[in-house]
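The following blocks contain the structures, represented as structure tokens.
Here subunit A shows up in two complexes: once beside subunit B, once beside subunit C.
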Partner chain A sequence: MAKKELWKGNEAMSETALRAGCRFFSGYPITPQTPITEYLAWRLAEVDGVFIQAESELAAATMLLGASIAGTRALTATAGPGLSLMTESLSCLASGRLPAVIVDVQRGGAATGNLQGAQSDYNMVTKTLGHGGLKGLVYGPSTVEELCDIIYDAWDKAEKYRTPVFILSDASLGQMMEPVDIKPFKQLDESRFDLPYVIGREQSEKKVIQDTPYAGPYNTMSENLDYNYRKYNEVYEKWKEDEVLYEEYMMDDAEYVIIGWGMAARISKSAIRNLRKKGIKVGMIRPISLFPLPEKPLNALDAKKIKGVLVVEMAIPALFYYDVKAQIDKNIPIKANLHCGGYLSQVDEIEEDIMKMAGGK
Partner chain B sequence: MEKSYLFAGSGGQGVQTLGVLVAHASNEEGHFTTFLPAYGGEMRGGTSNCTIKMADEEIGSPEEKLYDNVIVLNKPSYDRFKGRVKKGGNLFINTALIEDAQADGVNIISINLSEAAKEAGSDKALNIVMYGLVLAHTKDISLENAEKVLNDKLGKKEQFRAVNKKAFDIGVNASK
Partner chain C sequence: MDVVYKRSGALSDVSTTYCPGCSHGTAFKLIAEISEELDIVNKLVFATPIGCTTFSAPFHKFSTFMSAHGRAPANATGFKRCNPKRPVIVYQGDGDCAAIGTGESIHAAARGEAFTVVMANNQVYGMTGGQMAPTTLTGQKTTTTPNGRSVEVTGYPIRMAEQIAQLEAPRFVTRQSLHTPKNILQAKAAIKKALELQINEGAYSFVELLCACPTNWGIDPSGIKEYIEKNVIPYFPLGDLKG
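Coming up: the complex of A and B.
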């Protein structure tokens, strides 16, 4: 096996995006997202792509919308308050079911917050993209390699389902260096410009992109929205069958189960290894797709076998915890281990929580 | 095998470069590797630091409460991180800026980086001296791979290559 190269998360992800066919990036620099903007500023030029440093995140996300309709594999990335500014266009992407990829390199806290990693944007993107209650696929990778794997296939998924795809990275993952295999360039053919949502190259050309009672997804007649969103919901429901991604770690004989995603989950792996050395049978279910949430493995946890569940999450108040709790057998005790505001999950605290569940000191 | 390193100094001493070199050397050695920089406000003066882990299996947490090796290049970093060494672990200090270092139950490895760097031919090479010293002492990475990475990453200009090689050797010899 060829030796992997050591890459920073933000840069490895940007290079992989390019190789997945991304040829348009609009963004506004904000720590810890800035290295993505910096990297793509010079790198997109080398592959005849378009890079725009927008005047604001609001504009960046609106440009993303335009690039998507023009048939380009388009990307934006932001963090913290930038995400708030983008929500108007996120809603519009979801409403038109337009394919595009959005990366949130989460930072700590609300308002300006701080520059360290967190998981507090979970609800904001898994529940609905902006106003209006519509959805996109949402992923929460936990290593640099996984971050690359996800963005490499992100546009394939986006175009298959005609949906925005959201990746929740965070400051730690974005800034961290890890060994990674950078994937080969995908070959895209011209047929993508015939995709139904892509505007015609001829100005006079009009396309019917949805079989709505009244023309198009943005028509505001109540019957139209009701009809349309029912169809959308069928797509979201289908994701629960076909697009669920998760990892099971040391679950075969597990009596205690840690459930976490992203950085919190990988930090928990260290705790699991330490606990296993002490003879505590602990495993982990790690959702990789956050919407759709992997409900089946959570539903399948058997109260006769599982003595406790610990949700590890970098958000206070808890967000992901309640989604997990809703899926777990009510007879299994469930607790949360929480930090926020750039305070990463702590291995020793996770161990302590499991030990307490196991009746130890 | 899982080993952890914490590097700290003041902005401008080359702490991040030092950490990045060790991370690349670890990858060259074939270890699973993580490098996590501390960033943000800390880059504007004060201490700059980064953590590295190397292991023979997938790495969970990129951070630790206590580290196998803590490397401090200035006094504020020493004050902040001297308590973060595991029992029996190594505390590498720069005696040019840290006097009277004391820590119970850990090995203190001292070097005057200012003098060593001057001897190598450039004040800026102090981080490369420490790179040689740390890797020669811990033996987590072969010196061949350490030197290869030094050349790959910082050896593009002949004059720097010579200084770096000398600084590296001074560090390696200081570990003996």
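Coming up: the complex of A and C.
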């Protein structure tokens, strides 16, 4: 096994993206995403990649479309208001079925907000990518290593399914240092320039790359869109079988279950260890894929055995909580521990909430 | 008998769906002829905007990609940087290029992206049915300026070629018109020059074309020549602005 090195999340992810074959980055400076843009500004040049500091997040995300149509593995990253501007292109990527990877280093608050970590963009990317109601794969890692693991495979999945892949990082994950195993370079072969959505090198027969699937077996656009988006939905449904990722932590004998993702889940693990020392049997289910949401382990929670569920989330109003609630047996009591605006989840509060559920012991 | 003129082989064997008197078909014909003359029919990539040319791909034989409204220069930036050997024409309307996409237009030009922008300036939003464009002339009636465009309320029409020409990177910036045979030939020479500069020198160029939209102007197509000479050219003067 390679020796682990200490890396900051944003930079480890950027280096891993490059090693996964990413050769195009367009971005616009915004805290806490900026270190990604700065890192790739010099690093992509070393591998003959393309780096563009765009004039806005609107343009940055649009450039992904062109890079993807050229057959290049493309990345952008943003935070906060930048995500709002990118949604137009997220819709085009999903509808045009163009592979690309987008990272949101989430920050607190709506509008201008602040610069600390949060999970408030959950609904915005898991429910629909921009206008039109389409989907992409969405991941919510909780360690630097996991962030790297996900981005290392992100383009393989993006190209396999012809979909945008979205990674929800956050300010704390982006800036913390952790030991990681930086992975080897992937070698891509030239056949990628013949892919159906790629307008190839030098010259080619006529290809028309549309951001909306107008072509189909019917005579009207409406019928063809209905037909094609139905097919897209079949892919999304299949992800629920094939692309679900989650971690179960201390679940074997658990009577209380914390459910959280990303940084909230990571913080909750400290609470679980403290509660275990007090003899309270707490475990955790931690979704890593947020779309598709791991429904089966949530459905499987047994009301005869589980005395309570606590959803820990850094978003107010609650977002993820309602997705969990919809999957949990209605006979299991469920509560939420929420913070937002850059106010991270608190270990002592999580412990207190579980203690209350356990009868105030 | 010698063949002295024929339909360009780079056009598909279909009729366009444009209104009588519309200039888009003429512009496509010129681009098709130039692509044959430069032997780039299977190399040229056509980046379409949102507007009456969104669904233009069936009319010609070029590989094409669509963009969201105003974003074609950003989309083309991503494409051309990753695929530098394909010549690219970004074809935009005035609303696409000079209103919703002003940021993308100016910054692609400022970076000197290696593609050619052709902006069709017909002073109106055609596809949506004749609303005010950034180029709508003072006093011109549109569905959103029913009493005529007022400078007090909406300001003045934007001369996009002049905006682009004041930037350092663009190699060739010109405004041409498609309202007479002579002007059509001059426009063709300009587009050809822009494409040659792109292919040979990797240069950004901007060709603004004065186009007609008699349907939304509310005039008979037979009146286009007089309308453009009397109303449009005085505000949008023809000629090279740079290069």
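The definition used in the following text is that the second predicted complex is superposed on the first by the 339 of 361 C-alpha atoms of A that agree within 3 Å, B and C clash if a C-alpha of one lies under 4 Å from a C-alpha of the other, contacts with A are read in each partner's own complex, and residues count from 1 in each chain.
Keep this in mind: a residue touches a chain if its C-beta (ideal position, glycine included) is under 8 Å from a C-beta of that chain, and two chains touch if they have at least 3 such contacts.
Since the model is a prediction, treat every value here as computed from it, not as a measurement.
Look at A:Lys3: by the touch rule set out above, it reaches subunit B but stays clear of subunit C. Looking at the shared chain after the overlay, A:Leu344 reaches subunit B, while subunit C stays out of its contact range. When the shared chain is aligned, subunit B comes close enough to touch A:Gln175, but subunit C does not. Once the two complexes are laid over each other on the shared chain, residue contacts for A:Ile69 go to subunit C alone; subunit B is not touched. In the superposition on chain A, A:Pro32 contacts subunit B only, with no contact to subunit C. In the superposed model, A:Trp239 lies in contact with neither subunit B nor subunit C. A count of residues in subunit A touched by subunit B and by subunit C gives the higher number to C.
In the superposition on chain A, contact is made by A:Ile52 with subunit C only, not with subunit B.
Across the superposed pair, subunit B and subunit C touch subunit A at no common residue.
Those residues of subunit C that touch subunit A in the shared complex are 42-43, 45, 57, 61-68, 71, 74-83, 85-86, 103-104, 106-107, 111. Subunit A makes touch with subunit B in their complex at residues 3-6, 31-32, 114-116, 143, 171-172, 175-179, 266-273, 344-348.
Remark: subunit B residues 20, 23-24, 27-28, 30, 32-37, 39-41, 58-65 touch subunit A in the complex.
Across the interface of their complex, subunit C is touched by residues 23-24, 26, 50, 52, 54-56, 58-60, 62-72, 74, 88-89, 92, 96, 199-212 of subunit A.
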